[in-house]
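The two complexes that follow have chain A in common; it is paired with chain B in the first and with chain C in the second.
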Partner chain A sequence: MVWLGTIINGVLLGGLYGLFGVGLALVFGVTRIVNIMHGEFIALSAFIALGISMLFPQVHPLLLIVPVVVISFGLGYALQALFINRAMRLPDPLAPLLLTFGLSVIVRNLMVETFGVSPRRIGQGDFAQLSIDLFGISIGVLPVVTLTLAIALFLALQFVLRRTEIGRIVRATADNAEVVRLMGVKPSAVYNIVMGLSFALAGIAGLMLALRTAFTPFSGVERLLISFEVVVLGGLGSFWGAMLGGIALGVAQLVGLRLNSNSGFLYGNLVFFVFVMLRPNGLFGARQ
Partner chain B sequence: MLLKVTHLDAFYGDLQALHGVSIGVDAGESVALVGANGAGKTTFLKCVAGLIEQKHGSMVFAGNEISRAPAEAVARLGIALTPEGRMLFPSLNVEENLQMGGLSRRPGYWDLRRIYALFPLLAERRLQMPNTLSGGQQGLVAIGRALMANPRLLLCDEISLGLAPVAVDLIYTSFATIRAEGTAIVLVEQDVKRASAASDRIYCLLEGRVTLEGGSRDLEADVLTHAYFGT
Partner chain C sequence: MKRPSPPLITLIAFVAAAATAPWIISDGSISLLFEVLLMLAMAQLWNLLAGHTGLVSMGLQCFVGLGGYTTIFASNSLSVSPYWVLPLAPLVCGLVAAASAILLFRLRDAYFSISTWVFSEVMAMLVFITPGLGHVTGMTLETARAIDYETFLVVNFWIAAAIAGASVLGIYLLMRSRLGLSMASVRDDEIAATSIGVNVWRNRFIAYVVAAAGCGLAGGLSFLAALFITVTTAFDLNWVVAMIFIVIIGGIGTLEGPIVGTVIYYGMRELFTNVFALSGSWYLIALGAVAVITMLIAPTGVWPLIRDRFAIEWLSIKREVPYRYASEAGATRKRSIPQDQSYFV
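Showing the complex of A and B:
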């Protein structure tokens, strides 16, 4: 029974990890850019959420999603439009990666300067601690909400990409950015929207992280590794793969912690390592 | 004149691919570009479509100077290109590929229904992915996608390359309907016989220069061979 509880909680934690990865997968799938800044932005949006919750303490923490999504989308859009599109025009394919790396260092240090390094959290007490008792297994309400939200977002993203005109344009641009120009589509405008969406997803991930646990300006860079592992486990560019990858890592981490409470994320990394050795293209990656 | 290109030079880095090329296309006309590999035919089409930035010379399309216009702007003015190798979007099914062509929302005769009437084969396969189609069927999708923009000028780059003769016939037959709806066509073609049969005028390119131009019916075979190979 204890193990069942561990696994269930691991699956729930996986919802959060899936959220970490999906924005990264989206950007990589469309622009082929590895966005090193993704982790920093998860931390930054946690601080943004904290700021809003301090301004409006009476608002339920889950409602913070709305302003966080709007602000994150705008920041992602602006980042792509002002900086990354320029780097993508350079002949060196490493330029965008180095740019996001540099920006991540800047943003992290700006957060340290502005917010300090002491751990913060949102919604002291009540909501984060709520749990339900299911046949003797204690399940947190917040992790259930997180996983549900993650699945809903995955479905929504899937719907937008498969069934709407903008989704069609995004997929076509990912296929061939030169040919879409012949149809009157400006690829950089598509990238702006995709980066906005990616940041909105990272923003939600940051908010859920901030509700769940204490965070510092360094929480993002710690999660970047998880984000990458989630994306690679799932197969680059696959969203359901990212979700399942997140769940695999979540379960591995919690089972590992039960075996050895000092293991941290070691077991997650081990699962990742073994998996990549066995199946380098990921769960849903194209087989070569 | 619908398209008037004068003294066009184009470059890939330090390599000059076109030297002072002048080519004109009248509204509703069909013009063929022939020439050996590397003669600059594809480069010329890409220049007109706005895909090559390193160029100088004048290109006037329907009264607009387009030599500095990016590909997206050129597309909205009514120039559609079916690129070499067809370049369908592999993640989009047949119908979605066609819909991509209609994004510029240019009004006109062509829409999904009329494309399916022109190529009934595509209507049956509308939900299939491009990689499950034969080369000929992919060619039809490429043409349909270009037509969805209701272009005034359709540029076809080696649309028949590697296709079965039956498929090529089907494509060339459709050109009559396309022209009847007022679209001018520029064909790049390796097969000189087919090119002259399907066009009003022919330009022959050799090493980035126009070596011959004339009415498709008037050109003598040996003159054309001379212009083609430079012998």
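Showing the complex of A and C:
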């Protein structure tokens, strides 16, 4: 029964990890950029959410999603338009990666200067502590909400990409950025929107993280590694793969911690290695 | 008499400066230079992978940490001077790199970069949970009692200078050799390299093991000098972050780039923390800004900019097209000569 509880909680934790990875997977799928800033942005969104919740303490924390999504989308859009599009025009494929690397160092240390390094969390402790008892297994309400939200967002993203005009344009740009120009599409404008969406998803992930645990400006780096693992496990660019990858990591981490409480993320990392060695292109990636 | 070449002058000047420095400059400057020289060596090794062989690793901190732990653990358990066991650090790191390469080389590009980082995290956790390696509290170099503190600083400085000098000289000679040429061909075009009989896997393997062993040696000496090691400082991501910064800002794929980058990196640190007396995070913000500006204005780095502006050659590893073929090609196939200079380095 204890093990069943561990696995269920691992799956729920995987919902959060899936959210970490999905924005990264989206950007990689469309622009082929490995966005090193992703982790920093998760941490920054947590601080943005904290700031809003301090200004309006009576608002339910889950409603913070709306302002966080709007601000994050704007920041992602601006960042792509101002910096990353310029780097993408360079012949060196490493340039955008190194640019986001420089930006991540700037953002992280600006957060250190502005917010300090002491751990923060969003105050509404009662909501984060709520749990339901299901046949003797204690399940947190917040993790259930997180997983549900993650699945809903994945479905929405899938719908937008498969069934709408903008989704078709995004997929066409991902396939061939040169040819879409002939059809009157400006790839850089598409990239702006995609980066905005990716940041909005990272923003939601940051909010859920802030509700769940304490965070510091350095929380981003650890989450970047998890985001990367989720994306690589799923096969770069695949959303459902990212979700399953997140769940695999969440279960591995909690089972590992039950086996050895000192192991941290060791078992998650080992599971990553085993999967990646068996399927070098990811669970949902194309076979070589 | 033939004029001595710039690399030879540089080598002689470097040896002379390193040998006399302890009598000329203060102890504080010597310990700063110790750090600078080790970082220069590590940056050169990261550049050997990313700039000369095309392997972008985000996990070299793994070998810095392993080298440090190997040195301190071996010295403590054998009760011998840490200098005697320092050669074990590159040996252990080289072996670990060779074993992990068999797995990691199955992965490509971004997958490889990320997996090297994950590998480093795994090693860090394994060291953390292994009994006898200090767990959270870390390990102190117990044989430090036997060390002669009069000469400790100077001896460490000279070893660091030797490591830095060897990394520059070694990579210079390597890149001018046949093996170096085949490494560059792997970086520029894997398929073309394979088609002319270059063994891609073997070239990458050699570069990876050499870089790991070198970082292990540098890490071993660094923690030997610190007399103390913890998992957080040893396997710190900031090791590789510094290497990446130095190489990008200075100029990736050149030998001079990491030297220029190291000067900028430490110059800015001293300027911000000592002259302006600002906190460390402002220095990092400025460094990030320099990296972003470099990427947008001069994506090849600062050194290539200086080199092309003033038309100077320092430690160039560029190859000339043999005269016979150059004239032939120039006369008959001028338009088909690749203009991209990377074909000739």
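Throughout what follows, the second predicted complex is superposed on the first by the 287 of 288 C-alpha atoms of A that agree within 3 Å, B and C clash if a C-alpha of one lies under 4 Å from a C-alpha of the other, contacts with A are read in each partner's own complex, and residues count from 1 in each chain.
Note that a contact is a pair of C-beta atoms (placed from the backbone, for glycine too) under 8 Å apart; a residue touches a chain by one contact, two chains touch by 3 or more.
Just so you know, these numbers come straight off a predicted model, no measurement behind them.
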Simultaneous placement of chain C and chain B on chain A, clash or fit: fit
Partner chain(s) touched by A:Leu55 [first = chain B, second = chain C, both, neither]: neither
Partner chain(s) touched by A:Val2 [first = chain B, second = chain C, both, neither]: neither
Partner contacting more residues of chain A (chain B vs chain C): C
Contacts of A:Gly184 with chain B and chain C, given as first, second, both or neither: first
Touching partner for A:Leu103 - first (chain B), second (chain C), both, neither: second
Touched partner set for A:Leu225, first chain B, second chain C, both or neither: second
Shortest CA-CA distance between chain B and chain C [superposed frame, angstrom]: 6
Complex interface listing, chain B residues touching chain A: 49-51, 70-72, 75-76, 80-81, 83, 87, 89-92, 96, 99-101, 103-104, 145, 149
Residues of chain A defined as touching chain B within the complex: 165, 168-169, 171-172, 174-176, 178-186
Interfacial residue positions of chain A with respect to chain C in the complex: 28, 34, 83, 86-87, 90, 92, 94-95, 98-99, 101-106, 108-110, 112-113, 221, 225, 228-229, 232, 236, 260, 262-266, 269-270, 272-273, 276-277, 280
Parts of chain C lying in touch with chain A, wherever the complex brings them together: 50, 56, 103, 106-108, 110-111, 113-115, 117-119, 121-122, 125-126, 128-129, 135, 237, 241, 244, 248, 252, 279, 281-282, 284-285, 287-292, 294-296, 299-300
